[in-house]
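Which chain is which? They are A, B, C, D and E, in the order written, and residues in each are numbered from 1.
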C-alpha cells in the first residue's frame, strides 16, 4: 500500500554468541513501533560471514546499512560518519569516546561511525572448588602471573586436573599477558615493533609453561594459524584450574556449570608492565554505502540512547561499552549470583586498562599483529620452530602484510 | 509401501521434465538439419560450457589477474600490477624440501601436508570404497539399509562431521573412554602430529567414502551378468573374478573415483580445518586452508597471494591428472 | 550366497553353507554400522541433550538429565543424588544447597533428616530425558518455512539444471567424434581442478556484475555446470553398447531424442549418483550462499542454522538439532534415489 | 565324463513358471540335444543344469551326487552361452586361457591347448584381438573355443553354431562329433537346427512350454513321434497335418481326407467310426503321381534349393500341403499337381494330438 | 521402395581392410541376400549401406541420390542388428513403437501397426515385457518387428532368423517372403542359412574376404558357380572337390580321378592334356550304383536325418566324399559303397579355382 512506500527498510547484519540477537530483535521491534516509517531487518549470520565475507560485500558495494563487527579498524574505511545526522554528537563523544577511535580510519579523530554493542575485557576465571579441594590458598590481588601459575600447578597436581592454567589461543589473550609483561608494541616512529623485551618475556613464559606442564598443548599446540581455541568445555568439566578468557564467557558458564562447582572471576594477574587486561569487543557500525544515512542515524541514536543500551547490556550480560553506564554500574537482574559477581570484577578491570592496551586494540592493523603472533607462537609451542625463529617470522609477517595493505 | 508411494511421487515429479524435453525436440531436430548430426555435439556441449565460461573460466582469468596484482582492493582494475612478485614471494625458499627455509613457510608446509594427506587419503578411499561397493553389491538381506548406512555420512555437512569426530577423539571422548576401559592410556590425538594426520585422513574418508562407493556401485551394476556366469562356469576363484573380471571392467569407474578422490583430496579444507584446525603446529594445514585464510581470514585480505598460490595448485593438479589419464588410457577396455 | 551373488547375481539358494567371504562381508557390514552409522546416530541422540549435557566429559551416549524431586518445605525442586554416607551406606538424597566442598542434603521421603556430604561422595541420579526445546525454540524463532522453501528451491532447480546440462555435455563428449573434442574434455577435467573456495572472490565479482546478489539464482547458477557430473556421466556413457545408439539412428531418432529417450534412461544409475551428489551438495552448501546472500528472506537453511556459530561461542544444542532437521529430507531423497543406482539395465537388450 | 539326472526340476521367475517339473537322465558320454520352440525353456533348463539358475524345486544329480545347491563353479561343467558372454577386456587368447589358468595349468600347456582349439575353429589369426573387433561368427567361435579347451565333465552348448556360415557350421559340427567321439564327454546341446539335432544327438529331448514332450533317438522321433507336436517339430520342412474323419468300412479303415478317402492297410486300434483324427505326412513322403494321385492340388509356391525343391500346394478344404522333390522341379505356381501319400509313412494322431500306434 | 548402388565401396578399420571395393546395384523391390564365410564383411557392408559406417572410399547411391555422407537417420532404411540392440529400458511395445513415434505417426496408427507386427511374430503376449525377460529367439523377433513396423525404403537384415527354431524360422521366412511380395520393398539380407538364401533371394551376392565372388540368382549360383569358392559355398552339404588330371584320349576328354578315369561327354574348351583341374560334384549328384559304380569307397560316417541320409565315404587317394541319399540309408560305417557321379552335374575348375565352361 501507500504506507509501505514511505517505509524505509534498513538492513542490519548481526552475529550472536548468545542471546543478544534476540534482545536486539526486540529493541528493533520496539523502535519500529515508535517509528513506523523505518523498518529494520535483522539479518542474523554466522560470525564467519562478518569476518570473511562482509569485507568483500562492502568492497563491492553490496553491504548492509549497519553491521555488528569485530574488526572495526579493518572496516573503518567503509564506516559512515554519522555526525551530520545525529541528534547529539556530543552524547556520543562523551560516552563512547575511547571506543570511537577503534572505529575510525587512521588519522581521523572526529567521525562517529557507531557504538560498542559490547566491551569485552580479558580476565581469568578460577575454579574455586578445586582450590578448596586441594587445600591451596588462592593468590590475592596483584599477584603475579608466576604466582598464579605456581598455585594452579599445585592445585592441578593434587586434584589431577589436566589443565592447571589455560589461556585461550587468541592474540587478545596473549596480549593481556604481554602488556602486563611490559611490551610496548609500537616503536618510536609509531609503527609496530612487536618483538620487544616485554613481548619476549611473555612469549618465554608461555613457552616455558607448556614445557613444564602448566599449560597443556591441547589449546595452543593443537591447532594452527590464527585458529581460535578456547577451554570453555574443559573449564565447565572442572578440568581447568585457572582459565584466562574474558567477560563474554560469563553467561555461558552461568548456564553450563550450574551448581557443579564454584567459579569466580579474579582481577588480572600482574607483571612488570602492570595488571592491565586487554579490551576488545564488537561495535555496531553504520556504512557509507547506505542509501539512507539519516534513517540509519535515527536508528543508531535510538539504540545508543542510555536506557535502551542499558537494557541491551543487562539482558545480554555484556560489560557495557558506554562510559556513563559503566560508571553508574549496571544491574543484571537475570544473572546468577556468580555471574553478577564476575561481571562486577570485569567491569572494574575495564576501568584499569592501560593505554597501551587501548592503543593495540584501536590500531587499525591490530589483527595483523595479533594473528602473526598467535600463529607463530603456536608453531613454537607445538615444537615446530624455535622461539627465536618465531620472533623473526612475526616481524617479517607483520611487515609484509602491512606493506601489502598499503599497496595502492 | 512407502517407497512405492515415493517412487510414484518421483515419477510425477519427473513427468514435466519429460514433457519439457519432448518440447525441445522440434527445435533440436531443426538444428540437426541445419548443422548436421555430428555437429550436434556442439549443441549438447553449449549450455554447460556457457556456465563454465561464466562461472569458471572467467573467474579463473580474474584469478590470474589477481595473482599478478597486489594490494587489498577488490576490483582488478583498482589493483596495482606487481608482475611476478606474488609468485616470487611464494617461491622464495632456501630449499624447497624444507618448508621452514621458505619465506612463506605455511604455503610449503601446506603443500607437503596436502601431498601426504592425498597419498594416504586416496589410497584408503579407493580401497575402502571398492571393498564397500563389492560388499554392498552382494545379494544380502537388508542391502538397502546397509547402503544407507555407508552413505549417511555423505549427507552431513563438513562442520558437523568434524564436530562429531572431535567429540569422539577429544581427551575425554568416546574413544579415549574405550581405551581406558580396555586398560590403555588416554591419547591426545590432536597434540600428536602423526595422530592428527591419521584422523584427518580417517574422517575425510569416513565422510566421503559413501559417494565413491556409490559411483563404483553404479559401475558394478553395469557389468553384464552373463560375464559372471561365464566366469563361474570357468570355475574362477573369487579373487580371480575380482582381479580379472570385475576390476578391469570397473576400470572406467575406478578412474573416475581415483581422479575425483585425488582432486577432492587435494582440495580438502573445511572438515580437516574444523577437526584439527590445521594443527598441531601446522601438521595438518592444507594448501586450500592456506589459500582461504590468506584471502579471507587474515585481516589483510591478500587476494593476490592467495590467487598466486591457487594458480600453482591448479597447475600441479592438472598435470597430475593428465599423467593419470595417460597411465589409465593404456589399461582401458 | 556364492561367488556370483557376491558379484551381483540373482541367485540365493537355501541350505548352502556360508563361504568365509560371506562371513567376512557380514563382519564388515556390522563394522560399518558401528563405524559409519554410530556417529550419525550419536549426533541424533546428542541433539536431544541440554546445552550443559552436550559439553560433558566423558560424554554419555543417551541424553540424560538429572532427576529433580519436590521436597516438602522446599520452594523449588531439588536435584537428586546418590550419596555415600560416612557409615558406608548409599542413599538417594536431594541436595538443598552446596557450600564449597560440602553439600547439604535431605532425604526426600523424610525432609527432616539432613545430611552433610562431601561433594566427591555423591553422584547425580539421572534418567533419559529429551531436550526437545533444542528443536522447538529455534523452530519458533526461525522463519523456518521460508528457509526451507529457499533451500528446496535451490536444491531442486539446481539439481535439475545440473542433471540436464551435465548429461547433455557428457553425451556430447561420449558419443561423438568432433574437432575440439580433446580440448573440451581437457577443459572439463581442468575445471575439475578448481575448488570453489579458491575462486570465490572472482565468482563473486561475476555474480555481482550480473546483478544476481541476494537472488537465489546466484546460488543456483554458478555451480550448475559441474565438471564432476560431466566426467562421471561421460565415463558411464562410454560403457553403453554402440549398437543401441545406432539402432536408434536407424529408427529415425534425432540426436536429441537419442539423448533423452535412449541414453538418459540407460544412464539412470549414474544420473542417480549425480542427483544425490548434487542434492546433498546444494543442500549443505554454505560458504558460497553466505557470500552472495545477505538478506534473511533469501537465506538457505544452512546459513540460518550456522547463525548459531558466533565469534567466541557456538550454540551447539541448537545447531545440532537443526542439523538433524535438515538431514531428514536429504536422507529420504537418498533412500528413494539409491534404488535407481541398482537397477542395472546396462546391456540386457543385446544378444 | 559324467552322468546327469534331473528329477522334478521346476523353475519360476517370479510368477512366470518356465519349467514345470523336468525328469531327465543323461548317461555318461551321451550326446543329448534339446530342441523346442523359442521360449520353451531350453536355455533355462541348461542354466539349471549348469548351476547358474537354482531350481525352484526338484533335484539335480551329477554322477550320483546331489548338486542341486552346488554353485556352478563347483560342478565342473563348461558352457557356451547363447549370448557368448566373452570377456570384453581380454584378447581371444586370454578368453580361452582364462579357465585353464583357473585350473592351474602350466603356461606351456595352456598355450598348446589354446593354439589347438584356435586352429580347429580357424581363429588363429584373431588370437590377439579383443572381442569387439570380431564379427558375430568369430565371437561365437571364441565362445566355443573357451568351452572346448577345458576338459569338463559335461559340455553345455546353447545354440553354439547359429551364427556360423554353412560351411563352418558343418565343419564345426563334425569337429564336435569327433570331439565327442574322442573325449567321450557328456554333451548337452541346444539347437534350432534340424541337421545338427539329427546328426549329433544320441538322444533328442523335445521341449514345449517347459515340459518334455518326448525323448528318443533322432530316428525314433522322426519315425515314431509320440504326438503331433513332436512330429511337427522334428523334420524340416515340417510334417503336413490334415484333418480326417474315420469311416468304418469293410475290414479296413478308411479315413476321409478332404474329398477323398484313404485306405489304411491296417487300422490303428481303438478308432471308432466318425472319430476326428489328424493325418500326418512328411513332405518327403508325398509323391507326385500324375496317374495314381490321391489328390489334386494347385501349386502356390515353389522353392528351388538346387538339390531339392519344396512345393507348397493347396487343395480345397485342406490346409496347405508341402511336398519335397529331388532336383529342380519344373512345377510352377498355378500348376495342378496330383499327389499321393506313401501309406507306410502316414502318422495318425487323435484329437488330443497323441500318436496312435501303427500296427 | 528404392534402388541402391554401391560403387567401389571400401572400408578399413585402422589398418585392417575389411571391404575392398564393392560394386553392387540392387534394383527397386529386389530381394538380395549376402552370403559368405564368417568375417568376410557382410555385416560391415550392411552397415555401410545403412550409413552407420562411413566408407573409406567409394560411393553409395539410393534412388539415384548420392547418400555417401548422409547420416543413417536420414537414409530412411530399417535394420535388424545381429546383436539385436533392443532398447533395454523399453517394453517390447515401446521398442517397436519408437521409430513410428519418431516418424510422427498417430498413437492409434502406431498401436495398430505394432499389434499387427506382434501378431505376425507371435509376440502379442510379450508386448509389455522388457527385453531382459525374453528368450533369445523372442528378442530376435522383437528386433525384426522393430524393422517391419516401419515402411522403410530398404530393409536391412543381419541374420535375422539365426536364433529361431526351425518351425518359426520357416514361418518367419515365409512371412518375410510374403511381406516382400506385398510391400515390394527392397530387401538386403545377410544369412548363413542355405535354405533362406536359396528361397528368399532374387539374387545372391557371395562375398569372400571383402570381395564379391559372384552375383546371381540362386539357381544360377547352384548350377553355374563361377568358381570353386562359390560352388563350395552354395549348397549344403558342400560340393565334393576331387583333384584330377586331364588325360587327352581319343575324341573325348578323360579325367583321372583317383584311380579311375572319368569320361566327359564333351570336353570344356582349352584344356591341355596333363593339366591339373578340380572336379566338383555335389553330394546329391552322386548315386550309389552297386553295378555301374565308378569308384568304390568305404563308409566313414552315416548321418541319418530321417528324410535323407548323408554318407561320408573315403576312397584311397581322394578326399572324403559326401553323398546324399533319400530316406534312411542302410549303410553303416565300414561298408563298401560303389558310387557314380551324374556326369551332367560335374563341375570342372582350373588350378586357380575358376569354373571351366561346360559345353
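Points worth noting:
The rule we apply is simple: contacts are C-beta pairs under 8 Å (C-beta built on N, C-alpha and C of every residue); 3 or more make two chains touch, one makes a residue touch a chain.
The structure displayed is predicted, hence computed values, not measured ones.
Taking the mean of each chain's C-alpha atoms as its centre, the chain lying closest to the overall protein C-alpha centroid is B.
Note: the chain lying farthest from subunit E is A, by mean C-alpha position.
Counting C-beta pairs in contact, the chain pair with the highest total is B-C. Inter-chain spacing, taken between the CA centroids of subunit A and subunit D, is 92 Å. If each chain is reduced to the centroid of its CA atoms, subunit A and subunit B end up 37 Å from each other.
Between the CA-based centres of subunit B and subunit E the separation comes to 57 Å, rounded to the whole angstrom. Contact with two or more other chains is made by residues 37-38, 74-75, 171-172, 224, 229, 231-232, 236, 245, 296 of subunit B. In subunit D, the residues that touch at least two other chains are 52, 71-73, 82-83. Residue numbers of subunit C whose C-beta contacts span two or more other chains: 3-4, 11-12, 57, 201, 205, 249, 254, 257, 306, 346-348, 350-351.
Residues of subunit B touching subunit A in their complex: 70-75, 80, 82, 89, 100, 103, 105-106, 171-172, 188, 190-191, 193, 196, 273, 276-285, 289, 293, 296-302, 304-305. Of all the residues in subunit E, the ones that touch subunit B in their complex are 71, 73.
Those residues of subunit C that touch subunit B in the shared complex are 1, 3-12, 19, 21-22, 25-26, 28-29, 32-33, 35-37, 39-40, 42-43, 46, 57-59, 160, 164-166, 168-169, 171-173, 175-178, 181, 184, 187-195, 197-203, 205-206, 210, 221-225, 227-228, 230-232, 235-236, 238-239, 249, 254-257, 259-260, 269-270, 272-273, 276-277, 280, 284, 286-287, 302, 306, 316, 320, 323, 327, 330-332, 334-336, 338-339, 341-344, 346-348.
Residue ranges on subunit D touching subunit B, taken from their complex, read 47, 50-52, 71-74, 76-79, 81, 83, 85-90, 98-99, 101-103, 130, 146, 150.
Against subunit E, the residues of subunit B that register as touching in their complex are 36-38.
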